[in-house]
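Paired with chain B in one complex and with chain C in the other, chain A is shared by the two complexes that follow.
Moving on to the complex of A and B:
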């Protein structure tokens, strides 16, 4: 089956992170044929990313407690009979059809149901020097360290907002990188607001304690209400300017000071990856607390399009526990649809409970609007098309205040990333008028860049 | 107090922007012009288009208008700049005996217009464009064509216009909801943000010009959307430097369509049109099909146009496609734009229906209409563009 250009399955799952794995394992155990497509080389997704074959595995006490559930998910998936198609990039779809590129071949997955477990991507914020080599997103740093076992530098600054700063710091420490500073932009009182969401959830409580111990052992202290103002250097990052921000995230320039670093991990949270869902016609709504536009789903994780379910971060940032629970809920509903039988025992309720708990925690780390002021008029905001903030503002002024107008006016968002990097920033720039809904990202085929011959060899669907 | 304007231009695409730009050249600096668009400036057909400035030799009148317009483009580039303009020239390609025989015919047409084009043999062709397929026997090289990015070009026209006439007001995302008449004369434009009293309105709404005319109580204009699919490759991937087009493109794109544009059973067609962009991307087109206002990707036609493009430029097969989309060309039933007064309503002017030549013909359209509105003699003869031909 691996080489055929057309693959058939009862269910096609996009994404092999916790949501996709949980859904696939449960669906396959229920007797359905399941194919999981993932861009990575192996299962696990970003959070349970597996090291390449031959790389030294970290000792068990070097892994956060949540990774035990990751191992359990991976084992259940491996035993379930579901098939993983790794290194597969989905570039076009319609209900029941997923076109993907794999090893240079153009392939089609035909299925009765689609489960979108497409996860999330880093929320990028432009600041002076953010395009210098050595400045990476928190996600990219983790790919280097945990996916390829490559230390990205010697002296690191980690800055941004939200719980993902913690695994970034520990991953760097384990790769032998000195973490010079770890800056959380949110004011410290957000910690107190987030605490009930942590302490009230057994898994998160264990996780938080583990990270607190790791940071304490490494001598890294999380500094609240601080962030990176700028990165400087000749051809690559050599220095970072850091300082305090006010409660809204606005930089307090009088507090700026410079530190010497050779790598910067900037992680301002995550944005749900909903492009495939939008392309399929699924409705989305804006929820700042969940990271931006999220696919709309019901209690059984059904989107507004028949035969398309969505789970995990695509429905709003919530973390691995939420994704796995929602994967189970989607699988239970699909099994009921396709195989009949008794109603599932509480999968949807468990998913809803996990989602509520995550909302309590992550709501405390909603994006700080003032951080947009880190960018100066000369700062590049669209790094694919080299568009500065000044040019984007001029385009918004002449062509009209909307994401589409900015794109038309200055080409921001027209490059290979299709607005995934600059989108959230430009969305906020366009959404200047109160009361107007945030513009949805514009989605075009191919959803990710693929070679012309991949398009030409696409099996007809 | 009701807002007033000397002129309201509806449609912020290349034609509307060129009309505003040219009006600013011939009217007093105190003239108050309002440009309205229901979306962003250059956000519809112009923003979806290729930006090939194309001099067409196959007809004397068409040559006079396209070459005059490309000259105006060069003047704009020299005077204001601020938009991507590339002197790419054009290569007319052929891969059948029938089409190869057309190359000298086309060359003779350029010569007959007092212009020049050069027939290249296989060796000369490879020297000029090593990225072309090795088996091409000949091509025709015309140096007069160029390529612009339409969106920044629209912005440059509006900037230049506002420098001459500070009273020009550009209003994107402002929809026209209707018109007020005073007898047979325009009295006001009603918009989503209130009425504007004016005695002159230019309908430059492209494929939506018929809809706008209907809001003015006029019968549907004979303009129909003709869809085109385009794909663009990533930066620094273009294997060629010259604008490429199949010689059959002229027959395919510039003739009156063989099908009834109001029907939806048009099978459509394509002719290769490959355009290197200033950032090193490559635009791949072009397809034509009548299917109403549907802007979903036409996978079958796109497939055919990519396949044919790779036949001429084999290196494109390995280039990453970043995005593909559909734009709607405003096709007038007799394949000529409607530029001039609309006699049944005094004060209503039309500038629409340019099909695939809107970017090329934008400046001359603006110039001719501005001269008519200002009562000045015309630069170029374009009686066959007058909308009165549809007022029997």
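Moving on to the complex of A and C:
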């Protein structure tokens, strides 16, 4: 832990993934003092997670080509003089102030500029049995293997949608786990639609070829148009029911078959983590291709709130290359603001080009509406408060289909995750009108649950 | 885990003495030991375990030395007392 309850810096960065690291390294190299807050134990974020010092590497330690840029970012960050505050949970903020809990202590970061690099989390969809121990998000399995070298199980099912299924499969293989099935819910024609976005970008082309080779070597075939219907077991997952879905994602129950597994990774894409930005008052807009509600930024990554920039997934899902380029662009703009002098050439243009390329690829994997039919009336939709789909529908019928009305009516989204898991699908499942834009998440202080002591002992800002 | 050069850390889970590696989170140390269930749902008592493993979902809430914390964002430490079932 790093002493004082109040820390001062020119720039406070939230998130030590590629966007935050790129911004922090560039800002510190430009002579500004930078403090980075992250909930993880080390730098890298979810995508470039590092093993704890001294940990044994997995038996087959292969990394995709893109991770070279991760090592470069981590090295640049370490050499830059920027400070990382790990295991830090931000629970309140206003421009120039970030209150956080760290090791049970209540702390405050005072800064002149804030950079939000808050990243994303897995898009979940409820299906019968998804609360069983051993059923996890796809991201959770990657963290397990790449962040801790823990083998998740012996026989795995990977199901969901989008490019992140591939690193999940390779992570499992590296940990020696047998991948019994790898299911992509999208119809195969989406592959052809995504292809220009892959082939037109040198980095993604290399990456796709690397994953194709890994899967081929492991003998794992990605099955398109299939997904997980249900998970079963006594106290932990023992079986999964899988089958085909139609082009809209509706399960074709006649194709269901059961496989034996002891771990399941499910991930239907990513959702931007924008709660901190919303709380700061930043405007957001809905973009289905970018994963849902995204913070609005200009070419210099300025949000609609003075002194607050946002980069990477919080501005829409785009991947590590986009995040790093946007981190550089935000840093260039902040250096210009705080230090004067000419603008470093090209950072904003490079970020815009990366963003356009990512939009072309990820637009092909927009969520399939029919997957909502995986849940039955008895399926729990809000894991925190144990609310079933039937109860959520009843609440929507009685109180209205806004996120707030459903929450008030049945407590869905009122638990400790504050709707981060169920929010993205709750309205669609509980009977929202098709085509009606989703409500913004309801955000309140504390932004994440913290100890009462943390609230009581919060340094005045 | 051949070649692991990390220090060994001793803690208790549900009163039972267990061992972990420094740098592991409580969630990962317990997973390594085959312990999946970290709490039971308040309504039907069904077992729950690590779900997102990155501090978002709060499924892995447990009690560490009396305080409710996320097992996936808490590092193991020597002498820690971990109890399952952390909903306040």
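Please note the rule applied: the second predicted complex is superposed on the first by the 448 of 461 C-alpha atoms of A that agree within 3 Å, B and C clash if a C-alpha of one lies under 4 Å from a C-alpha of the other, contacts with A are read in each partner's own complex, and residues count from 1 in each chain.
Operating definition for what follows: contacts are C-beta pairs under 8 Å (C-beta built on N, C-alpha and C of every residue); 3 or more make two chains touch, one makes a residue touch a chain.
Since the model is a prediction, treat every value here as computed from it, not as a measurement.
Visitor: So, A:346: does it touch chain B (first), chain C (second), both, or neither?
Guide: Neither: A:346 stays clear of chain B and chain C.
Visitor: Could you tell me if A:421 is touching chain B, chain C, both of them or neither one (first, second, both, neither)?
Guide: Second partner only.
Visitor: Regarding the shared-chain residue A:196, is it in contact with chain B (first), chain C (second), both, or neither?
Guide: In the superposition, A:196 touches no partner, neither chain B nor chain C.
Visitor: Between chain B and chain C, whom does A:451 touch in the aligned arrangement: first, second, both, or neither?
Guide: In the superposition, A:451 contacts both chain B and chain C.
Visitor: Mind working out whether A:53 is in touch with chain B, chain C, both or neither, as first, second, both or neither?
Guide: It touches chain C, and chain B stays clear.
Visitor: Would you sort A:149 into first (chain B), second (chain C), both or neither based on which partner it touches?
Guide: Touch status of A:149: second partner only.
Visitor: Of the partners chain B and chain C, which touch A:134 in the superposed model: first, second, both, neither?
Guide: In the superposition, A:134 contacts chain C only.
Visitor: Applying the document's definition of touching, compare chain B and chain C: which contacts more of chain A?
Guide: In the superposed model, C touches more residues of chain A.
Visitor: Figure out whether A:31 sits in contact with chain B (first) or chain C (second), or with both, or with neither.
Guide: Touch status of A:31: no partner.
Visitor: Applying the document's definition of touch, where does A:369 land relative to chain B and chain C: first, second, both, or neither?
Guide: After superposition on chain A, A:369 lies in contact with neither partner.
Visitor: With the touch criterion stated at the top, can you tell me which chain A residues are shared between the chain B interface and the chain C interface?
Guide: Shared contact residues on chain A: 384, 415-416, 449, 451.
Visitor: Could you please specify the touching residues of chain B with respect to chain A in the complex?
Guide: So the residues of chain B touching chain A come out as 37, 39-43, 47, 151-152, 155, 158, 170, 172-173, 231, 233-235, 279, 284, 297, 302-303, 306-307, 309-310, 316-325.
Visitor: Residues of chain A touching chain C in their complex?
Guide: Contacts found on chain A: 39-41, 46, 52-57, 87, 89, 104, 121-122, 131-137, 139-141, 143-144, 147-150, 152, 235-236, 273, 383-384, 386, 415-417, 420-421, 448-449, 451.
Visitor: Which chain C residues qualify as touching chain A in the complex?
Guide: Spelled out, the residues of chain C in touch with chain A are 1-7, 21-25, 28, 31-32, 36-37, 41-44, 46-59, 61, 67-68, 73, 75, 87.
Visitor: List the residues on chain A that touch chain B in their complex, please.
Guide: Touch list, chain A to chain B: 384-385, 395, 398-402, 404-405, 408-411, 414-416, 418, 444-446, 449-453, 455-456, 458.
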